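What follows is a pair of complexes built around chain A, which joins chain B in one and chain C in the other.
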Partner chain A sequence: MVILEVENLTKIYVVGLLRKKEILAVNNISFRVSEKEFISLVGESGSGKTTTARMILRLLKPTSGSIRFQGRDVWSLKKMEDLKWYWRQVHGIFQDPFASYNPLYRIDRVLNQVFNLIGDIGADRESLIREALKEVGLRPDEVLGRYPHELSGGQRQRIMVARCYLLKPRLILADEPVSMIDASTRAGVLNLFSRLRDEYGTSVIFITHDLGLAYYVSDRIMIMYRGEIVEEGSPEEVMENPQHPYTRKLREDVPLLYRKWSGF
Partner chain B sequence: MTLLEAEHVKAYYSIRNSYVKAVDDVSLSVDRGAILGLAGESGCGKSTLVNTLMMNIRPPLRLIDGTIVLDGIKISEMSRSKLKKDVWGILVSIVPQSALNALMPTKKIVDFVKDIFHYHTDMSRAEIVSMVRKRFEELNLSPEILHLYPHELSGGMKQRVVIAISTLLNPKLLIVDEPTSALDVSTQKQVIKLLVDLHRAKIIESMVFVTHDLAILRQIADKIAIMYAGKIVEVASTDDILYTPLHPYTRGLVNAVMTPESEVRKRGITFIAGEPPNLLNPPSGCRFHPRCPYAKPICKEVEPPIIEVRDDRIVACHLVESFM
Partner chain C sequence: MIPPIVMDLIKIKKLIISLSIFLAIVLAGLIGPIVYPVNPVVMTGPIEQPPSSKYPLGTDRWGRDVLAQLLHGIRNSLSIGLTAAAISLAIGVTIGVVSGFKGGITENSLMLLTDVVYALPSILLMMLIAAYLEERNPFLVSIVIGVTSWPWVARAVRSQILSLKTREFIDMSRMAGLGDLRIMFEDLLPNMASYIFMAFVLLMSGAMIAEAGLSMIGLGVTRGISLGIILYWAQLLEAVRRALWWWFIPPGVCLVALATSLLLLSTALDEYFSPRLRGE
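So, the complex of A and B:
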């Protein structure tokens, strides 16, 4: 079952006050996400990945095109209850987790806020939070009661993933969610997304520049280049038989463990 | 022939009445002409170690014990002012982790460079500029960059400019600390290409490359040292580390690498459970024992000695024989 449909989505940024300049950030892209599907959106910085995610999350208004979630046009949701419904179902994790926190509040707050969306669940909130933190490999006593600046980038990213684990949304948009987590434990955090998918049917749109990560976790990879989706396929298809020149270059540039770059 | 020899180095951060043992009894050498990779998780003391290797130590970090000899000079006994004058930039340079922000935002690159030279040499400003232009050309960097402000450069370009500036005085040893972790793959490759070019052109003699990314080290390092919780746990050639890792931690790191290749896919990916320990109060015995799948009672009680299993290959693990 398709849960998200993106059609002819375009975003043009207009910069400058007097001499206006247009930047085509996302150029007429269309794709669908099915239930339980793990999709990776791969591309270099500036390719439009984050802009796409922000439009789906209703943080940035598209210039044209439509985004439908479970059949409803995301940008026509106006009433508070509809918006709450959307936020409950679709959750974003951002590249720079520091920006997701209010520096004046302890990190407990971002976790507690999840319960405002879920509503009263009757269970012991504190123990649910502790369990979620353990799931992402954190020691609850080391992070609860702390302020955002006291935590490392990796810890802040893990907390955002823990928040997802509490919320159990239908669709997760994760924008470089493990970029600050060590390679040695990255796989463990990514496994959590896969578990949410297997246990609760959550779909994931995973945004990354790391083709290696995408190769292992996704059902489907979409390669984005200069605002367009230039290639799409299963991880094997994209890695073993890339069609677009950009995909080929990307594959050549990824450092491998058992092969050296040519010329090095 | 060794360029840098560090023996039994202990560098601790003193906090109130206790110590964070970030570098605890580390011995390490860098051969002339070699590229040494230093790998480990964040918080294991990699950055502290490389700063200690060049004696870039400031309170609360203190050198508690050990000797460091660089190019025949015992730098562990030199004063900070003497290091500044005779060692840093000339014998050893570091490109720190936050190098992308090292450029002064209100100064053009060229002004920044002039200041550095002014400090170290008595060349005239015009001579400095022509020399730097020449070096930039050698490294395939456009000399026009010199007349730009830092914000006009992309992340990868800034990193390359910082590396080019750090090596202007042809230091024998260049230390780079996570130079590519904030960059996307194609830019990463350009930065590494620049480092390889510097090495091939003999502008630098040896290099220490700090990263947690073993796939990057595969591309350039001759030898890899693995660090865990303030200790070096294994040192071996790049091939030995990747194909026949001996320490369980090294094996854990190698098996967690997610590179898109068939060998890795066949082998499968596992991750190291748990988190690195707090260095204020590290575990007894082998510091890896709480996370080690092979731990035996002895691992909890006795610190493993450093065992030289072969020429040029050392491991600190009680159970090493059972892995060979």
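So, the complex of A and C:
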């Protein structure tokens, strides 16, 4: 079942006052996301991945094109209760775990904010939060009540993942959610996404520049290059039979575990 | 029971030092004239007397008591500083917030206005006013200083809004279903509170210095006394060359102490508001 439909999505940034210059960030992309699907959006910096995510999260208005979630046009949602419904279903994790926290508040705030969307569920909030933190491999007593600057990048990223785990949305847009988590816990956090998928039917749009990682975790890979989706397919298709020259270049950059560097 | 915020504030040494200097001078200005009820603008003794038990800070050319002048001068300088700072803060923050949020043509025209006022010195405005008005009261001087000293505040507030607007924690709050007003009051303004408060403190010290500057070239208040006016007469009658130190050193020291303690206060508050600077 398709839950998200993106059609001819375009974002053009206009810079300058007198001499206007247009920057085409996202160029006419279309794709669909089905229930329980794990899609990776792979591309280099500046390829439009994050812009696409922000438009889907209804944080950045597209220049043209439409985004429909469960049949409803996302940008025609105006009332706060509709918006809360949308963000309850579709949530995001941002790339920069340093900028994702208001430095003046304890980190508990981002977790407590979730209850603003869920409403009163009758359960004990504190124990729900503690459980979610344990799921991402954090000790609740070590992180609760602390300020963002007291935690490492990896800890902050995991708290963001914990926020999504508390919310259990239908679709998660995760923008490089594990970039600062060390390799030993990375797998555990990624498994959390697949557990959400298996238990709650959550779909994931996983944004990364790491094709190797995308190959491991996703059902489908989309390669973005200069604002366009240049290649789309199952991980095997993309890895074994890349069509676009950029994909071939990306594939060559994936480090292989068993091959040693043979000098330059 | 002492609230924890007070405990945090007490820990900052700079804040305690600057606040005590500032409050000591403020108290002198507020209570001084009551405790030492000598009229500062009439002749109360022989001229140009050095400090003695009868005249703690001596007298000036017209036999006026310098201590009485100083205490009244502090009071007037502070009230001019407060009024001028309040006026420029109101203008600066409003223009900064509106231009930062609205963007586009509104932003451009407001910033053009800001640049024009930036280039307009308060001395020029005061000279024009002085040419028309023979009598200038402290409120008029505050207004002139207030309407000419806000541009940097507008620019600072605008750039703060521009940078905060794009931070991801704003998006996190937005995705949690917080409305514009809540984001404004929970995320944006607390992050700017230190800026706004510091701007106020700096504006106040700037306004008191500006008042002294205007007074010293004869463009200040025409009635009453202020720190600048004492310095104006001391300079006019060559108190420095004639070594009448009790005439110009006390007002000078008060002015510097006021301005410095306010500057120090603003840096101390900056440390309080951004926990990272506290070095924890």
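Note that the second predicted complex is superposed on the first by the 259 of 264 C-alpha atoms of A that agree within 3 Å, B and C clash if a C-alpha of one lies under 4 Å from a C-alpha of the other, contacts with A are read in each partner's own complex, and residues count from 1 in each chain.
Throughout what follows, a residue touches a chain if its C-beta (ideal position, glycine included) is under 8 Å from a C-beta of that chain, and two chains touch if they have at least 3 such contacts.
All of these numbers come straight from a predicted model, not from anything done at the bench.
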item	value
Side-by-side fit of chain B and chain C on chain A, or clash	fit
Partner chain in contact with A:117 - chain B first, chain C second, else both or neither	second
Partner chain(s) touched by A:55 [first = chain B, second = chain C, both, neither]	neither
Touched partner set for A:41, first chain B, second chain C, both or neither	neither
Partner chain in contact with A:103 - chain B first, chain C second, else both or neither	second
Which superposed partner A:182 touches (first chain B, second chain C, both, neither)	first
Residues of chain A touched, compared between chain B and chain C (which is higher)	B
Touching partner for A:80 - first (chain B), second (chain C), both, neither	second
Partner chain in contact with A:92 - chain B first, chain C second, else both or neither	second
Chain A-centred angle between chain C and chain B, computed on Cα centres after superposition, in steps of 10 °	80
Superposition-derived minimum Cα distance between chain C and chain B (Å)	12
Touching both chain C and chain B, counted on chain A across the two superposed complexes	none
Residue numbers on chain A that touch chain B, as the complex places them	44-45, 137-139, 152, 154, 182-188, 191, 209-216, 235, 239, 249-251, 253-261, 264
Chain A - residues contacting chain C, complex	17, 54, 57, 59, 80, 83-84, 87, 91-92, 94-96, 99-104, 110, 113-114, 116-117, 147, 149-150
Chain A partner contacts - residues on chain B that touch it in the complex	41-43, 155, 184-189, 192-193, 196, 212-216, 218-220, 242, 252-254, 256-261, 263-265, 269-275
Complex contacts: residues of chain C adjacent to chain A	108, 167-169, 171-179, 186-187, 190-191, 274-276, 280
